[in-house]
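Each of the next two complexes has chain A plus one more chain, namely chain B in the first and chain C in the second.
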Partner chain A sequence: MAESYRRSQWSNGLFVLPYLAVFLVLLVFPLVWGAWLSLHKVDLFGPGRFVGLANYGRVLADPVFLQALRNTVVFVLVSVPSLVALGLFLALALNKTTRATSFLRALFFSSSVLSVTIVTLIWRFVFIPGDGLLAVISEQLGIAPVNFLSTSGWSLFSVGVATVWWCLGLPMMLFLAALQQIPSDLYEAAALDNAGPWRVLTRVTLPSIARTIMLVTIIQIVMQFQLFGQAQLMTNGGPNGTSRPLVMYIYEVGFVRWDVGKAAAASEFLFLIILVAAMAQYLVSTRKSEVSE
Partner chain B sequence: MSQDQTTYRPEGLTANRTLLTISIILSIVMMAPVAWLVGLSIKDNKELMLGTESVFAFPYTLVNYLNILYSSQAFGWFFNSLVVAVGQTIGVLVLSSLAGYAFARLEFPFRRTIFVIVLFGLAVPEQAVIIARHQMFNWFGLHNSYLGLILPDLSSAFGVFLMTQFFRAIPREIDEAALLDNASPLRIFWKVLLPLTLPAQATLGIFTFLHAWNDYWWPLISATKKEMFTLTIGIASSQTNFAQSEGLGFLSAQAVFASLPVLIVYVIFQRHIVTAVSGGAVK
Partner chain C sequence: MRRFLLSTAALVALACSAPAHAETKIELQRFFGACDADYGKVTDVSKAVGECGIITSLVNKFEAENPDIDVNVTTVEWPGYDQLNAQLASGAAPDVVSMHYSAISDYQSRGLIDPVDDILSAEGISPDSFTDAARGGVTKDGQMFGLPFDNWTMLFHINMNLMKQAGLVNADGTPILPKSADELIAQGKQFREKTGKPYLVQILANETAAYARILYTLLQQQKSDFFADPTKIKLDTPEARNAIELMKRIKDEGLSTTGLDYAAAVTAFTHGDGGIAVNGTWLIGDFVAQSEKDGTALAKGYAVYPVPQLYPGQDSTYADGHSWVLPHKDRTPEQTAAIGKLFKFLADNDYEWARTGHLPAVKAVFDKPEFKALPHRESIAKIAETGRSLPGAVQRQFAIQDIIGEEVGAAVNGDKSVDEALSSAESRINDLLANI
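Our next item is the complex of A and B:
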């Protein structure tokens, strides 16, 4: 029996078979089927007529899609740098292990384990006009209250605030892990040179974690491009679609208006964007391991 | 302690103290919305109707939490979430352990090719497959069923990837010893290696559980009947007809109730969760 352990045998593949079956049926097939659907005029019950790239044309000509694309890009451009900067700041501040820092780390990460529905409920209670926490505070201070969730400009911003609050824990933890990898002799050398804290930060710490900063940025781009629940539950994309993200567009076209072919085409666009980011992530992370070897 | 270090240190310390102070202020800002939610949850709904600034004054009450007990719906959703999350966790652990063991230890035809294809699956976002999946589940009548809610995420490659790494990290000498006893691959897996992966099982298991418990997209489109809602979807559905029907206090209490299991799991298994989440992100 022992030889079968080292020699290549079909029977050994049986261990992989259960997962492989699920993988093929529930991931590979839908991926191919989705691309196939995007080339057809479809209703709820299956593909109808082959229409070539017409669905893609319809998506690109749809002002609602273009608005959603623009919203998503703006959202990513604002939320990702905020998450990276705040995460990095917290990691630098909490990089020593004391009781206080461990507690604060746990606290800043705790929001990440909540579901999107709880997060949006919490933030709606902050933002709602009249009864919300901000409305109550601005009333006390005598400031005119803003109707955050239904004023264009503010609505996407409010969604962003809730998102940063929700997602902050992961960048912080990834930066902390990277900071702990920095060899201590680098700091000792800096101390011998009498380098001040700012110099240590810019000459030692940041260059040592440059790849992690890159990696965290890409991970967050991938995640924030998939914005959906926060916008759907807090603003429902409004007012006038100014806070509708791409995924919500796909959801509305596919599952509210049941224009399945068009939704499939739109989701292929999103897939493409995420695939490019994922490739970039792969390249950065493999280059990192080459350096450490 | 050299002289250089003592001259360097005080500066470093003040910098650290400033950073720590700012983080403490940030943590208070971060917790304020949560405190507000908890505050709302212990106020009477009628009093809140007159103005929510009453949160800052007595009397407080637990009546909203008691009302959850009478609302059979929230408990039904809680039960659905539990079935789905536990089912998915068990499924992922079984599939990933078997596949991870084979990828890490055994030889079989096309092993490398299959592994690379599976890794490619990590890059596929849910949105790219969700429309086709929804149709497939329609064909088989799987919507509004536990199986329909559990199945999709069993295809996630993350668990396989994680378990392969864990099996690889076990020293080879351990199975060599078992090989001398003429043990079969299945026996080595079950008797020798699997017990060693328990910490890894915990990490992957907790990660999967949280992920399933919090999932929003798929249950939203698959569970359309109210009695098949998971807690996440149920809370979302009661949010849409806000304030008027059930009151801010009740909704807040429901949200606190829904997040308690997750927060308890988090407090107990914090280390595992951080490992899994960071590992999952970096892949």
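Our next item is the complex of A and C:
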């Protein structure tokens, strides 16, 4: 340590300067400015007037905000476990090196490279009444078709299905990477002990990738709280606001109604929620490493 | 290496300092869709059909006639105001933007768009040359803040082939249309029984504008002055209840398609999935073109009428219009002159735009024999008198439309009671207007 410490110079800091500059300009500055805006009655086009915490009060008293918050929480509670479970299932199924599994891995990952516009377009073809895939199938089966995109409950579900399909690639890849790092001697030992596949899964595989499961869960919670594009393009938040997520609320208040102060206040709430999720990850991961040490 | 870099830098500098290209560039941003694949090179406007085709070929023709002017078109998703707001906020607004009359007061009241009176007078365009509705739409505080382009309303686009099947055609071949809310329901039921299809093709999903326009129309027909004070809406009224209950009844009785968004509703009508499409003037040109093709559901069987008067109050239809506005920014005299030329060209070619189905903004077009010869213009001519917009001083009309659409939609689809939806819409809109 002494050698490297002595040789360290202030000028070495120049190496981190580019990153630091980007970090300050694109993250810290907007963060502070957002907090500042949230204390003002201001539109997009000019200086506002200081109103203290009034915007926060207005946000909390707005039933549309509370509904959007509820929608978002429900969405996260359903989509994140689905993503983790399906991602893990696919990773376990494809954790072999054959030509078929490489092809399937690429196939399942391919949806992640599509833009949100394409993803929603594809799923609109599935859900749209009349000529949509599900409508045609239910007609063939003689079941009354459901208007997936314009029925309360179903609209958020449809957005969730599209989201899971779109986001599945990353969890699968992270799980695959983790599975391939499990030492093979553990499996050999389990085989010698005559452990069945279920026992191997629950006693060897899952404990070995527990931290990755936690990592994937936290990443997905942070990502899914920021749901916007799919809901905007598939359901426009409807019907009756039942599929409007928080980010869409912020967007509408800021850009459609020009009430930037209120939108900034709502953003601060979203920031807090995501901060809590990120801190939870930090706490869980540090505690885990203490235990293992 | 250093020499290479230096010489490259010198070359770049030279290229940048070379005298600017002789062309004057205008950034034009519009909705109306993108159709470059079909019309990207078309300069013969008479060959174009529909809003997108006509505006694209109009701009192509203008560029061909004015080689010194380059109009750089950016197409935005309708209505494009979110994008415009972001551009205005970052000081990167385009030169000319398409804008609804109903949105102008938002931008004018914040000094975000420039008056166009000087540009129009420099080109010899008199304000009197526009219809009162069009001129009123762009005039704020005595100044014109845009070039009016058209007026539009929602209409009843009718599939006459299905109406015949339903027995809803007069001896002279005109459709039998309702004269009251009860007649609407009765004729809708008759239509459904005879054809097995819904009477109305409405945009009821993923869209707010259609609900709001129908509500405004039904309120106007009952003479409800819901915006007597432009900073406060009044929706907790028997008239509003009547209107929404009618909209709900149409849906509950199975007289309308459900779950269709805008695109799906247009397709459904052209496929003959329902009798009457409640949609805008802009589709007349497209539907006429369809009806001239054999083998389509509309073949030789398309008619269009204003939304019928269903209440005894007055004959009225909610109307709005499109204009071209100039975001506030510094322009060179050449650019201003080029915009003037473009405006003159658009005003001179307002007939071509009227072929879409919109009512022309330029008075003289009404007297043109070509315009009079356009199909169906006779039957919708009265919307020039019966079309009514919201009071010009009402701000945030698009945000209001979103709220109304969401709440009325909830009531029509049974997610909320009518009273709940009305009081929620009223309080949300008044909160919005109180916090401008």
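In this text, the second predicted complex is superposed on the first by the 256 of 293 C-alpha atoms of A that agree within 3 Å, B and C clash if a C-alpha of one lies under 4 Å from a C-alpha of the other, contacts with A are read in each partner's own complex, and residues count from 1 in each chain.
Here is the rule we use: a residue touches a chain if its C-beta (ideal position, glycine included) is under 8 Å from a C-beta of that chain, and two chains touch if they have at least 3 such contacts.
Computed from a prediction, not measured in an experiment: that's the story for all the values here.
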### Message
Output check: A:T97 vs chain B and chain C. Expected answer is one of first, second, both, neither. What do you get?
### Response
neither
### Query
Per the overlay, which chain contacts more chain A residues, chain B or chain C?
B
### Message
Touch test for A:W165: chain B only (first), chain C only (second), both, or neither?
### Response
first
### Task
For A:Q180, decide between first (touching chain B), second (touching chain C), both and neither.
neither
### Query
With the two structures laid over each other on chain A, which partner does A:N240 touch: chain B (first), chain C (second), both, or neither?
second
### Task
Tell me which partner A:T202 touches in the superposition: chain B (first), chain C (second), both or neither.
neither
### Message
Taking the superposition on A as described, I'd like to know which of chain B and chain C A:F255 touches: first, second, both or neither.
### Response
both
### Task
Considering only touches as defined above, state whether A:I118 meets chain B (first), chain C (second), both or neither.
first
### Summary
Residue overlap on chain A between the chain B interface and the chain C interface 44-46, 130-131, 251, 255
### Query
Taking the complex as given, what residues does chain C use to touch chain A?
81-82, 85-86, 88-89, 106, 110, 112, 204-208, 258-261, 264, 267-268, 273, 396, 398-399, 402, 406-407, 409-410, 413, 415-416, 424, 428, 431-432, 435-436
### Summary
Contacts from chain A onto chain B in the complex sit at residues 1-2, 4-13, 15-16, 18-20, 22-23, 25-31, 33-34, 37, 44-46, 89-90, 92-94, 96, 100-101, 104, 106-118, 120-126, 130-133, 136, 139-140, 165, 168-170, 173-174, 177, 191-192, 194-197, 200, 215, 219, 222, 226, 228-229, 233, 247, 250-251, 254-255, 260, 263-264, 267-268, 270-271, 274-275, 278-279, 281-282, 285
### Message
Using the touch definition from the top, list the residues of chain B that touch chain A in their complex.
### Response
4-5, 7-8, 11-12, 15-16, 19-20, 22-24, 26-27, 30-34, 36-37, 40, 48, 51-53, 94-96, 98-99, 101-103, 105-111, 114, 118, 121-136, 138, 151-152, 154-155, 157, 160, 175, 179-180, 182-185, 188-189, 210, 213-217, 221, 231-233, 235-236, 239, 242-243, 248, 251-252, 255, 258-259, 262-263, 265-266, 270, 273-274, 277-278, 281-283
### Message
Quick check on the complex: what are the chain A residues that touch chain C?
### Response
41, 43-46, 58, 62-64, 128-131, 147, 149-152, 234-242, 251-252, 255-259, 262
